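Note that chain A is present in both complexes that follow, paired respectively with chain B and with chain C.
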Partner chain A sequence: METFTLSLPSALAATAPATSPTAASAAPDVICGIVASGNLEILVEPQGSSTCTFEIHTAAEGFRETWDAVLADFVQRHPAGGLRFTLNDVGSTPAVVALRLAQAHELWLRGRAA
Partner chain B sequence: MSKLTMNDREHRLARLSAFRQGRIVPAERMVEVLNALIEPGDRVCVEGNNQKQADWLAECLAQTNPDQVRQLHLVQSVLALPEHLDIIERGQVERLDFSFSGPQAGRLARLLEGGKIQLGAIHTYLELFARYFVDLTPKVALVAAQMADREGNLYTGPNTEDTPAIVEATAFRNGIVIAQVNQIVDRLPRVDIPADWVHVVAEAPRPHYVEPLFTRDPALITEVQVLMAMIAIKGLYAEYGIRRLNHGIGFDTAAIELLLPTYAASLGLKGKICTHWALNPHPTLIPAIEAGFVESVHCFGSEVGMEDYVAAHPDVFFLGPDGSLRSNRAFCQAAGHYACDLFIGSTLQMDLQGNSSTATRGRITGFGGAPNMGADARGRRHASAPWLRAGAEGARPGQMPRGRKLVAQTVETFREHMAPTFVERLDAWDLAESAGLDLPPVMIYGEDLTHLITEEGIAHLCRCHTPEEREQAIRGVAGFTPVGLARDARAVENLRDRGIIQRPADLGIAVSDASRDWLAARSIKDLVRASGGRYHPPAQFRNW
Partner chain C sequence: MSARPQALRHSFLEASARERLAGLCDAGSLQECCPPRERLASPHLAALGLAQALDDGIVVGTARLDDQPVLVAAQEGRFNGGAVGEVHGAKLTGLLQAALVTRPAAVLLLLDSGGVRLHEANAGILSISEVARALLAVRAAGIPVLVLLGGSCGAFGGMGIVARLAHRVVMSEEARLSLSGPEVIETVKGKQEFDSRDRALVWRVTGGKTRRALGEADLLVEDDIAAFRNAAVATLRDLRPADRQALTLTALRQRQHALLERRTRHAGQVDGHAVLATVLGLGRDRAALLDARAFEDLLAQQGGTPLSQVVPEDALSVDAALDAEDLAFADRLFGAGQHQLQAKGYLIAGTATGPTGPLALVGTRDRAPIGLELALSMAEGILAVVAADQGQAPRPIVLLADTQGQALSRHEELLGLNGALAHLALCVDLARRQGHRLITLVRHEAVSGGFLSFGMLGDHICALPEAQVRVMDLRAMARVTKLPLEQLEALAQTSPVFAPGAGNFHQLGGIHALWSDQEDWRAALGVALADATTEDRRAGLGHQRGGRHLAAEVARRVRTQAGAGA
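And now, the complex of A and B:
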C-alpha cells in the first residue's frame, strides 16, 4: 500500500469555492466507482483552496510517475480547482483512473447544478 | 518421399483388407490401420484449428509404431493438443509446417530450440490451405466429422471449418482420407463430403473436441471497453459508413457488437453500418441480430451452443438443406480478405510504426487468420464507398487512385499488470532470434494499419503524410505509457487540429457517458434471454 497527497493548479470548478466557499460546500459529496481488483473508488469534496488536491491510497507500489502524469493531465482537461479527490485504488490502469476521475468530476458538477 | 501415384494409394489401401468393411473400420483397430497405411516420410495432416479437433485420431497417431511411422512431415493448421507434440517428442516427426499453436506454444518453442525437428514455415490458415494445392499436399489426412453413413459419406455440420479444403487437396492428389466420426447412421442430415473422397471411417469412442473460442461473457466487459466501442462506432464505423466487416476475437469487439442495438441505434446507424459480416456466430452478436441490424453472416466455423439459434435464422446465416449451419474456413477467410471493408481486432504489443504482434519470448503461437483479415487486399479491384475513401485519404498528388481496406486495432494503452501495449521494440524480434525464425512474427504490419483506437481516442493513421506524423499519431493516443509520455505535445495538438487524432470529446462523446448500461446484454443469461432460449451456453459460461 502506498499513500501520497498532491495539490495541482486547475481552472476553478464551476462556482469558485475560493471566492464563494458556501456555494461549493452546499454541493453534496460524490462517491464514484467501486473498490475491486483493477478498479477504484473516488470521493469528491469541495475544499477551501483554489487548487485541486488528490489523496491517493493505492495497492500498487512504484507507479508515482504514472500517477503524476495522469493527475496532471486530468487537471488540465477538467476545471477541478477547489475540489479534493480521495482515491482508493486496487491496481487499476491509467485508463480506468482517468475514466473514473472524469465520471466523478461530472457527477459532482451535476450534483452542484441540481 | 514416396512418389504419389494411383497405384500407391490402391496398394496401401489393399493392406487394410483385414480391417475394412467397405470404408468402415472398428475404432479399436485404428492404430493398426495407421501403422499399415503410413510410410516413412509421408506428409500427414491431422485436422484441427482453434475450434474443432480430430483429437481421437491424433491420440491414435501418437500410439503408432515409431519404427514404421517415422520421418513424418506434419502439414496442419494447429498444434494445439498435447498429442500433436507427443508425436514430435516420440521422434516420429522430421519436419513441420503449420499455422497456429496456442496452448502448446511454449512446449513447441522448446522442441524447436532443442533441434528435435525442422520448422518449414509458420503460415496463416489461408496460406497453408493454398500450399496444400501446390507443394504441401497431404499424403494422409486425418479429419473429423459429426456423422458418416454406411457408405462413408460425411456430415460435418455446423463445424465444417477446414475439412473441405484438406479433403479436396488430399483425395484428388492420390492421398488417403481417414475420418473420425461421432456417430455412424443410416441416413445423414446432409452430405458435406462425398464418400468417394473418403477412404477410411471409424466411429470414435467419444465426440471430437470443439473449443468455444468465440464466447465472451458480457459481465466481464469494462467501462473502458465500452468507451472504446463508442469511439469505434462514432469515429470509424459511422464516419466511413462501414457495412461489410470482420471482427477479431476479444472483449473489445464483443463490446462493439453489444453496443449496436443501443448506442449505434441511438445515432441512427441501423441499416447504415455492420449489415454484412464474415464472422463466427458470436453469442454477443445475438442482440444486434434480434434488433434487425444484421443482414448476413458467413462463418469460418461454428460456436458451441449457438447451433439452434443459428438454425432459427436462415435469413442471416448460411444453412444447409437440413437447416444447420455450413461453415467453411477457407471461403470465409477469402471473404474476410476480399469482400470486407474493415477488419478490427486487438493485439498485445504495437511499435511506433504500427506493427503489432502477439508474440512473446519462449512461445511460438503462430498466426491463424488475423494477418489475412488485417491486411490491405492488394488484389482487390471492386470499389465501395469506405474503400475508396480510405484510399483517397492517403493518396499523394499524381498517384494512380486506388482504394484501401480499413484495418483497425483497438487496444487499451496498458494491459494487465501495467504492461504497456505500446513499445519501442516488439518482443517478436527476440523470439525470431531465439527460435531462428526467418522474420519477426508480425501479426499486422504497420503499413496496413489505417486506424488505431485506445481509450485516449482514435488516430486516423491513413490520413498521415509522413512516417514522422504516423509516429506522433501513435504516441498521441498511447496515453501514459513511456511511448505516449515521450510524444511531441505540439505535433500531437497539430494532428488533433487536422482531425488525424480525435479525442472522445472531439467526437462528441462524454467520457462519463461510457457506462455498462449501453451493453445490450450484461451477462450470458441476458444473451440466452435475447436469443429466445435458443442459445445454449457451454457449462463453463453458466453461472446460474
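And now, the complex of A and C:
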C-alpha cells in the first residue's frame, strides 16, 4: 500500500451543498466506484481550504508521477477548489482514475443541484 | 408477455450495492447509517497491506418500501467478495438490533457474500454468528426478514446459513445459495468431486433455479432491480400473520419432516439436472430455457401434487453405549453413574444429572464432519428435548461440539446443507426461547459451518483444554484469499483475529470460558449455568478482553443512527 495526500490549486467548486448543517448531515454521501481490482472508490467532501485535496490510498506502489499527472490534469479541467477527494484504489489505470474523478465531480454537482 | 424488453431492464447483478438499494427502495428514501464519510473501514485489512473500503463493503440504513418503513442492508459483492469482517458484520448486527426497537414493516437483506472474510477469519465468523443471533431475535419478534439474492457472489459460507434463517428468500437464476464454495470442495476433495471451473455445473448445483425447485428459495425473479422490488412488495404483502409469528415446535417439526423427506427424495443426486427432473419432470435443456415467470408457473402446477410418495428415512437416533474415551469424558464431566448418554456414529445424546439438576445433552463426537444427516439428527435431538419438557421446567441443554466443519461434498451442497444447518439453528433458537439454557462445550475441534449453526448459538460457550477452534483449512484459505500459504502460516503465529485457537476466540469474546485440565469440570459447568444469559454479550466481551475493539461500538452507532437509541 502507498498512501499520500496532495493539495492542488483549482477553480472554486460550487461550495458546500448545505443550506443548514442538518441538511448537510442528511444528504447522502457523494461516493462512486468500488474497491476492487482495477477499480477504486472516491468520496467527495467539502473542506475549509480553497484548494483541492486528494487523499490517495493505492495498492499499486511506485506510480507517484503518474498520479501527479492525472490529478494535475483533473484540477485543470474541473473546478474542484474547496473539495476533498478520498481515493481507495486497487491498481486502476490512469484512464479509470480520471474517469472516476470526473464521475465523482459530476455527482457532487448533481447533489448540489438537487 | 411476462417481461419488459431486455433493454429497459436494470440488471441487479451488474449494479453496485448502492444502486441496488436506490432502485429497490422508494425513490430518495434511503438514509444510510454509518455512511462512507464516517470511515469505518477494516483495520485488519490495513494491517495486511490490503485496500480498505470506507463502508467496509456494506450499506445499511433506513428506507421506505411501498411507503412502509423498512430497514435495509446491501453487501457489496465486488469488494472482497462481500466477505464479512468485524466492521462489516457489526453494521449488519446493529441494523438487526435496531429493528427490535423501531419495529419496521420489514428488514430487507440484499446479501452478496462469499461468507467469512478470511483475512480476519476469527472476527468474521464471530460477526456472522452475531448477525445470526440478531436475525433470530428479529424473526422471533415477528418482524419479517426478507433476503434478496441477485449478486455475483450469492450467499455462501456462514451467509448461506444466515440467508436461510430469514422468512423468505427471493433470488434470480444468476444468484447462488450454498455453503462451501466449489473451490474449497475441489481443493480438499479433488476435481472429480466438484470441478469449480465447470461454471455450468456450479450454477446447476447452487444456482437460483435449483434452489427454487428444492424450496431453498421462495421465489425466482428475473435479473432486474424492478423485478426484485416488485417481488419484495408482493412477498411482504402475502406473508400471513401465521408466517410472521415466531416459529413453534409444531412448525419446526413440520420443517424437519419436510427436510427428511427431501433428503430421501433426492438421495444420491449430484447435479441440478436430477433435481429439476425429479421436481418438475423437466429434461436437461428445457429448464434452462424457462424465464422466471414460466418457471414459477410450472412449479405452481406441479406443487399441488406429491411428486413421489416418499417415506423419509428417519434421522439418526442414538442407540449404542459410549466408547471408553467418551465414557471417561462423561464420567469426568457429570460423575460416574450420573449420566445416561448414548452414541451413534458422530452423534451423541442423552441426559445427565448436572450441578443444578437434570439436563439434556445433544452433540457431535469424534471430530464429526457435519452433513445433512447429522444436522437433521441434531435438530431432531433438540426438538425431542423441547417436546419432552413441554409443561414442565425446561432442562438446560449441553451442546457438545466436536466438529471438523461441514461435510464437503457436491451432493450435500446440492441438497442445501446451508438450509439444513439453518434449520438446526432455528431449532436451537426455539430451545432458547422455550427457556432451555444452552451451554456449549467445545471438546476437540470446532470449525466453521458446523460450529456456527450449533455450538456458537450457546448462551455460554466453554472450551475444553484440548479444544481447537478455527475457520478453515489453511490450504483452502490460501486458495480463496490468493495469499501465499507461507504468509498465512506466518500470520497464524501472530494475529489474534486470524490465527486458529480457543485462546484467540476467548480474547475476541467468542468463547466465554476456557476450562483447564486441573479444573473440576462439573463445578465449571455449574459456573457456566449460573452465568448463562440469553442476551448475546460476545461483542462487549471481546472489547473488554481487548480482542475486538470495533464490533460493539459499530453496532451501537448503527442502532443510534437507525433511530433505536443506543
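Just so we're on the same page, the second predicted complex is superposed on the first by the 99 of 114 C-alpha atoms of A that agree within 3 Å, B and C clash if a C-alpha of one lies under 4 Å from a C-alpha of the other, contacts with A are read in each partner's own complex, and residues count from 1 in each chain.
Methods note: contacts are C-beta pairs under 8 Å (C-beta built on N, C-alpha and C of every residue); 3 or more make two chains touch, one makes a residue touch a chain.
Note that the structure is a prediction, hence the values are computed from the model and not measured.
S.K.: Would chain B and chain C fit next to each other on chain A once aligned, or clash?
M.R.: Aligned on chain A, chain C fits beside chain B.
S.K.: Given the touch rule stated above, what does A:His57 touch, chain B (first), chain C (second), both, or neither?
M.R.: second
S.K.: Touch check for A:Ala98: first (chain B), second (chain C), both, or neither?
M.R.: first
S.K.: Is A:Ile34 touching anything from chain B or chain C once the two structures are fitted on A? First, second, both or neither.
M.R.: Touch status of A:Ile34: second partner only.
S.K.: After overlaying the two complexes, what is the shortest C-alpha distance between chain B and chain C, in Å?
M.R.: Superposed on chain A, the two chains' closest C-alpha atoms are separated by 5 Å.
S.K.: Taking the touch rule as given, give the residues of chain A at its contact with chain C in the complex, in rising order.
M.R.: Residue list for chain A touching chain C: 1, 26, 28-29, 31, 34-36, 39, 41, 43, 45, 57, 59, 86, 88-90.
S.K.: Along chain C, where are the residues that touch chain A in the complex?
M.R.: 16, 18, 30-32, 35-37, 46, 49-54, 57, 76, 78-80
S.K.: List the residues on chain B that touch chain A in their complex, please.
M.R.: 222-224, 227, 412-414, 416, 418, 454-455, 479-480, 485, 510-512, 514
S.K.: What does chain A use to touch chain B in their complex?
M.R.: Answer in residue numbers: 38, 60, 63, 66, 69-70, 73, 91, 93-96, 98-99, 102-103, 105-107.
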